[in-house]
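Below is the structure I would like to discuss, written out as structure tokens.
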Amino acid sequence: MAKQQTNPQPVDAAVTPRFGSIPTFMRLPHLKDPSQLDIALIGVPWDGGTTNRAGARHGPREIRNMSSFMRKVHHVSRIAPYELARVADLGDAPVNPIDLMDSLARIERFFAKVHAGGCIPLSAGGDHLITLPIFRAIAAKRPIGMIHVDAHSDTNDRYFGDNKYTHGTPFRRAVEEGLLDPRRVVQIGIRGSIYSADDMEFAESSGMRVIYMEEFARLGVEKVIKEARRVAGRGPTYISFDVDGLDPVYAPGTGTPEIGGLTTLEAQHLLRGLQGLDLIGGDVVEVSPPFDPSGNTALVGATVMFEILCLLADAVARRRKPPKKR
Amino acid sequence: MAKQQTNPQPVDAAVTPRFGSIPTFMRLPHLKDPSQLDIALIGVPWDGGTTNRAGARHGPREIRNMSSFMRKVHHVSRIAPYELARVADLGDAPVNPIDLMDSLARIERFFAKVHAGGCIPLSAGGDHLITLPIFRAIAAKRPIGMIHVDAHSDTNDRYFGDNKYTHGTPFRRAVEEGLLDPRRVVQIGIRGSIYSADDMEFAESSGMRVIYMEEFARLGVEKVIKEARRVAGRGPTYISFDVDGLDPVYAPGTGTPEIGGLTTLEAQHLLRGLQGLDLIGGDVVEVSPPFDPSGNTALVGATVMFEILCLLADAVARRRKPPKKR
Amino acid sequence: MAKQQTNPQPVDAAVTPRFGSIPTFMRLPHLKDPSQLDIALIGVPWDGGTTNRAGARHGPREIRNMSSFMRKVHHVSRIAPYELARVADLGDAPVNPIDLMDSLARIERFFAKVHAGGCIPLSAGGDHLITLPIFRAIAAKRPIGMIHVDAHSDTNDRYFGDNKYTHGTPFRRAVEEGLLDPRRVVQIGIRGSIYSADDMEFAESSGMRVIYMEEFARLGVEKVIKEARRVAGRGPTYISFDVDGLDPVYAPGTGTPEIGGLTTLEAQHLLRGLQGLDLIGGDVVEVSPPFDPSGNTALVGATVMFEILCLLADAVARRRKPPKKR
Amino acid sequence: MAKQQTNPQPVDAAVTPRFGSIPTFMRLPHLKDPSQLDIALIGVPWDGGTTNRAGARHGPREIRNMSSFMRKVHHVSRIAPYELARVADLGDAPVNPIDLMDSLARIERFFAKVHAGGCIPLSAGGDHLITLPIFRAIAAKRPIGMIHVDAHSDTNDRYFGDNKYTHGTPFRRAVEEGLLDPRRVVQIGIRGSIYSADDMEFAESSGMRVIYMEEFARLGVEKVIKEARRVAGRGPTYISFDVDGLDPVYAPGTGTPEIGGLTTLEAQHLLRGLQGLDLIGGDVVEVSPPFDPSGNTALVGATVMFEILCLLADAVARRRKPPKKR
Amino acid sequence: MAKQQTNPQPVDAAVTPRFGSIPTFMRLPHLKDPSQLDIALIGVPWDGGTTNRAGARHGPREIRNMSSFMRKVHHVSRIAPYELARVADLGDAPVNPIDLMDSLARIERFFAKVHAGGCIPLSAGGDHLITLPIFRAIAAKRPIGMIHVDAHSDTNDRYFGDNKYTHGTPFRRAVEEGLLDPRRVVQIGIRGSIYSADDMEFAESSGMRVIYMEEFARLGVEKVIKEARRVAGRGPTYISFDVDGLDPVYAPGTGTPEIGGLTTLEAQHLLRGLQGLDLIGGDVVEVSPPFDPSGNTALVGATVMFEILCLLADAVARRRKPPKKR
Amino acid sequence: MAKQQTNPQPVDAAVTPRFGSIPTFMRLPHLKDPSQLDIALIGVPWDGGTTNRAGARHGPREIRNMSSFMRKVHHVSRIAPYELARVADLGDAPVNPIDLMDSLARIERFFAKVHAGGCIPLSAGGDHLITLPIFRAIAAKRPIGMIHVDAHSDTNDRYFGDNKYTHGTPFRRAVEEGLLDPRRVVQIGIRGSIYSADDMEFAESSGMRVIYMEEFARLGVEKVIKEARRVAGRGPTYISFDVDGLDPVYAPGTGTPEIGGLTTLEAQHLLRGLQGLDLIGGDVVEVSPPFDPSGNTALVGATVMFEILCLLADAVARRRKPPKKR
């Protein structure tokens, strides 16, 4: 087990109030070397793949800001992530606000270094296209599985004729590139009007398990957890959480809201049910502060990030036999 | 069946992004002649019947704005309204912001022309009093039934002594004028403190079926659907959706919010359960943008409008034997 | 029974519209003498015990403002509080914005006079520390029970080393001072990450019944009501309602939001289930208008206050044998 | 001279903080009898004459709320209004939100009683049409003069064909009814695109002195003051201050904003220059809180009201020979 | 002279209130054929050149929305644009939200058609890069002059190493491509901290006349007008108005605000002083509604657009000898 | 002279966009050792001295956030602060949100270490009381002079009877404690209604030069600069900038707004005129983000901080003969 005292720790709220100090993720130290860490918290401030309302470029800052509300131990699972793993804020991946292809390359290179350092990434977007270069960095050797919470399947093909890369296409590209095993993908919360009756053709024919919002409501969270665990199986699995999977009252600050979504309590319950999977990373995407007057979306983003962090730290601890050298 | 290619179609989001172009309802063409249409989308920018917070006069513009998020096919029912029916934005009914009686007359005349054109209206208010002149235009020949979602019964009698017309009185007036058959009316979501113990006397003694919010929660949506269908029966039925029927977290932008209401997911489920009724029109009212900092109320208004549009288009298609001439 | 016509009555909304006139609680008269009242509505505009985001000092004004939406009779229980009891707005307790200990003393003195007048207080905070001086005023003679809705247990010990009094400590202090009987306390809605695994040690070892949010969701409201009634028993009981017990979509305007909380409908259902307990006072705390862009938190605060008022008026009426002199 | 100690006084901010207590105008007592007062502060929560964005019905409440920022002595003129005159909050004039003509009658009756009591009114609107019934109450015996700050002349004739009464017509009506002497009217800050080249025909041909914004900027405040004093002369004069006379950055919360207006500093300077005129009343109108996200418009409204109050108190004191009985 | 009655006219506000109907620019008809027009009002909803806060893609919709406040005649110059010229809303130029080079090509093609139709464009951005493809369409034959209001010179060279096209580079590119004559360019309002002491090197060495904000304040508007007219001279001149030239209190809704800027009154005065130049087009750019809580930026954008429209209509009328055929 | 390449430098905006990365002041490194610095940028997130609206505790975070807009060189003075001096973000001073006296002690100790390190502090508040412990740390050896921009003199004596320390009292305390030489103090922008005619007695009788807003407007900035320089003279001088000195349209996010204040352009002009004084520190206080919906107050705070930083860096460079060792 990691020695607690040597792991990076959040700023102590009983010394510096939670509204004070420079806002890093979870008030953790800002470090530069992923090889010293088990889990790296990373911002990807980029929304160049957004076809509708932009603003997710501001997501990492506001999620960092709101993550000061997080404390140190999960109140249900009692996971204490900073005892189980070395976690820090690794800063932001480099991006180019006006060049999509350049940004994809920069993001991939950054995450490749994180991956090479033996460190698991937990990222805050940015729009959903950022997951593609992350997959290129961490899934290059074998396709991975995914628990995907979203109102949208994000398996479109082209946009405006020629464009292959938007926040609506990452998972079709990931399957095509051999990064994602569609039979180990479950999509949860899908809903909203569609362009044509075959919008979901790729997702379904490739073997993804699509749980529409209506099926989610019918099944209830417990059965959805069971189904998600069945689909993900024992292989390496990534959690990708698009906040538009939630109902927009919980997450108004997003680019493509669809009414009639998950509650945060359901999402928390769902995530807690994933403990024990072979988790290798995760992200929270599409938090768009300019559309978030009360700040709740960023608070939700930070809390979901903490929920996933606990799962990842637990997975790190389970895998640690013998313990990682430091 | 309507020939798909000749029906009006929304602006294509893969040519003009959804935030672009002039915002008509559902991005449909703005046409002037109801006789060329099966269903007319109409704004009624008027809140002169409002006794508390005004602002619903701005509803049609913001609902139009947010309706750009709507796509073309319903993801559950798979209804494709623009294939089944000729639908367009007919603009706004004329109103007089400072003269209640003049406005009622102007609105009635406008809808009478729509009705005479053989076209079904789907309206965006405006406060709930607008439903009265709409009924005068479309229910003059026989009383109709109504599925009414609202926190309030809107069957008050007088206001400030003499006034017969406010957004709290339309359905008492409609019954008195023989436009509405109270035994074919179901009111869903009623709640909130009352002025006196007999506030609901008219609704109940006239035979309306009132499903208070508490009964709604107890029954669950499926049984409410069954009850609503039983009450509406086979006769011509109108859907009137006051957004304050929803909990104010979904629809803060409204004049008379009452906490403890429906979720949007429940409302969507409920509406989808109405397919197959003999539907002859509908409206979404009381969206008040000045009280809607995140814009969610207008998004909800637009989405509910799309849900009702799918029901109406389906009803139009069912009635089309033989097909309407063009 | 109180003679209805002589009890203070709200301003009539059919004479002065609800957005008009000077905003007192429930539009009741502003009176000064508690001995003429059965129930006093009191503001405590103070947030000096807040360790994170301040702003609850503005709570009483905005709750008063939104309480104009309240009418006169409860639509479910049919309780008519102004017929059953003499109720008025007693103004604000005096406070000192920059001196915590002075404020505690001023608040206690104010409530001691209310208590001496034979009048039950229903207060609008202010942060949760205000409940401690209220208890000192009304529970000096014997410990009381409490129904406590909150995301937090508020039974911490010290802050920043020495400080004994913050909005995180009132109920440990109240137990220590013999004001609160922990075995007659039920805490509902507790959740959120914690500082260490023994954060809840005091609450649990002292005998409080803690219903975490997860247990609440599992049990359902009806069973929680049963459990709350069992714990409170027949002794004198106070209702303390921290709006952060609700999910922050219902109450974003608060200092320490925790996602995944109660809905307002659940909270209303819960409160209605408390009718018949020996209720001796209540409060609604932590409404922080600067973080409430839509005003919904204040509306929720006002409505919860009305729900509790109905319970208190009912309790007053039950106790009135023979009737109180006037 | 009035005996200072017997005049009504604001709540003491060194006892009750300025964010506390029930918000009356200037924190003064809420009294009912105008005959006990020299100056009555009155709300007129009505915007039924508004042809564009409504919301001024909420003006009085928010102006009251923000008026808590006011202290007791003017820092430039050193006028201490509560020493010079008996001032209190007289509550709101009665209005009917859905009936224009009924509201005009109710407002007039209320102000007639104020006038009969020998008391000068200082009102907070409400839209600008409220000034007409006020004039009917206080200028019935002889036409008065007016200092009018506004972006608009408000001397239109008809609206929508027949309607004679809107917030764009009060001063034409007042001239026609012999209430206002146009040769003793100065309009300051007029600007904004117009419907046709003769929009200002009535104002100019009737003899009003119109100082467009451009002339205001050219002359500077000192010369405008001189001109205003020249026009008003020695007769009884009323100050009507429409907040849209200010640039909308100072007063975004208004129904008909026009960019390029006065600064608040200029407006304050201008008002201070009116000391010594025979002032008989005043109002601040068109404050519309739903369009005022920062609350600055209401703060401006409250401060302008305090500026005018000082002028009126000074005028009362000058006229008091011998002193009024009490 | 154009026959007044046949020119397109705005919706009549005395028939349809200004908050009603579908929001086109100035409430003019939405037409498709530029060859029928003298001046085309065009939206360019694109912000792909933005290196900081995005959101100007939403500018055209909100400017259209707020342009409903505009009336028909300029109150100072008395120019009546719809009498002098045929003006309409031509809709939006096509853009691709995720592809910068594709968007530049689409915008250029759209404006080339407008130009070929003999029609002058007045555009609403969008970010400032949109002016480059507009220049490619309208200045291909000879370099033009420009009156440029902005906090920034927008004459940077490269971004992130390679990128030539951002909203900080259009005017360097335009000079390089021979579209803009730098000796006939005046930049007004330049300010804000800089990256290095030679940031302004290109602008100054190429011969542009740069009037920093500090010089603007020192000279006063009249002398700035004189200087601007001297620089622009008699050749064809374009007006490009970046709203960040204004102080951010007037235009908070923009991506790169710099405090200490022009007032709207100064900007209006300045624009009015340009009457009589050989004006061939104009634009208002960088209005970013997600950062504009009060809507004032869009109102300013719409009003500035109306000011420029009056100048363009006047220029059209001056050039019309003999009159254009219709 | 300091070697430019070794001084701490901001994150490069051409590598990481300005909305990215963790927000430190001016995007400078976060360092811990003041002895390595010439100027330390410090947050003091505390508002426990606030008697009205709190929220300035959140000031440092939002000023940091907005300071990302700042670049590297002043565009008027051409001062390049990071070439002239070693500047970094030193984090936040420790504070105790619920204990005023403890906070004063903690802040003083923190600044004493900064001062002992030979480093000049430039702080972001927090409310204005924070300046008192800063003075105790840096002016213990001799009284200093002050340029004080504020709507308020902040020389009150007691509050609520006993309390000596509020944000209205720091400068009376500082004079009493011998930290501040009143004859070398100039207060600029003072205005707003007062509690009694002798509110300014201490300031004036102690010898402070008070320039009321009205005198400021009359004199113009140039003469105010001259007067400020005369008063400050050659001794060590501190700049204390309360954002409520500005008009609230520039700085709505503050606790005690007073209309009719300075423009930002005037304030910038004024500050630039102070170059060459013997400056030894400065602060920007009373930025209260919860009352700042557009974020402009924080942007103003950050920009004013940059203006003062340039003055301080210039002062450092002037004093460096011989240069400081490193």
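A, B, C, D, E and F are the chain letters, set down in written order, and residue numbers restart from 1 in every chain.
Just so we're on the same page, a contact is a pair of C-beta atoms (placed from the backbone, for glycine too) under 8 Å apart; a residue touches a chain by one contact, two chains touch by 3 or more.
None of the values given here were measured: they were computed from a predicted structure.
Engineer: Check every other chain and keep only those touching both chain B and chain E; list them.
Structural biologist: A, D
Engineer: With touch defined as above, tell me whether chain C and chain F contact each other through largely the same residue numbers, more than half shared, or through different ones.
Structural biologist: At the contact between chain C and chain F, which are copies of one sequence, the residues are largely the same (over half shared).
Engineer: Fitting the CA atoms of chain E to chain F, what rotation angle results, rounded to the nearest 5 degrees?
Structural biologist: Rounded to 5 degrees, the superposing rotation is 120 degrees.
Engineer: Using mean CA coordinates as chain centres, what's the gap between chain A and chain F in Å?
Structural biologist: Averaging C-alpha atoms per chain gives centres 40 Å apart.
Engineer: If you average the Cα atoms of chain C and of chain E to get two centres, how far apart are those centres in Å?
Structural biologist: Comparing mean C-alpha positions, chain E is 56 Å from chain C.
Engineer: What are the residues of chain C that contact at least two other chains?
Structural biologist: 15, 17, 19, 51-53, 57-58, 97, 159-160, 249, 291, 293-294
Engineer: Hey, how would you classify the chain contact layout here, line, ring, star, complete or other?
Structural biologist: Per interface graph, the chains form some other shape.
Engineer: What part of chain B is in contact with chain C in the complex they form?
Structural biologist: 51-53, 159-161, 190-197, 199, 212-214, 217, 247-249, 252-253, 256-261, 291-294
Engineer: Given the complex with chain E, which residues does chain F contribute to the contact?
Structural biologist: Result: residues 13-15, 17-19, 69-76, 78, 80, 249-250, 263-265, 268-269, 293-296, 299-300, 303, 306 of chain F touch chain E.
Engineer: Which positions of chain C touch chain F when the two form their complex?
Structural biologist: The contact residues of chain C facing chain F are 47-55, 57-58, 96-100, 102, 159-160, 162-163, 165-166, 290-291, 293.
Engineer: In their shared complex, at which residues does chain B touch chain E?
Structural biologist: 15-17, 19-24, 30, 43, 45, 57-58, 60-61, 64-65, 89, 91-92, 94-95, 97, 293
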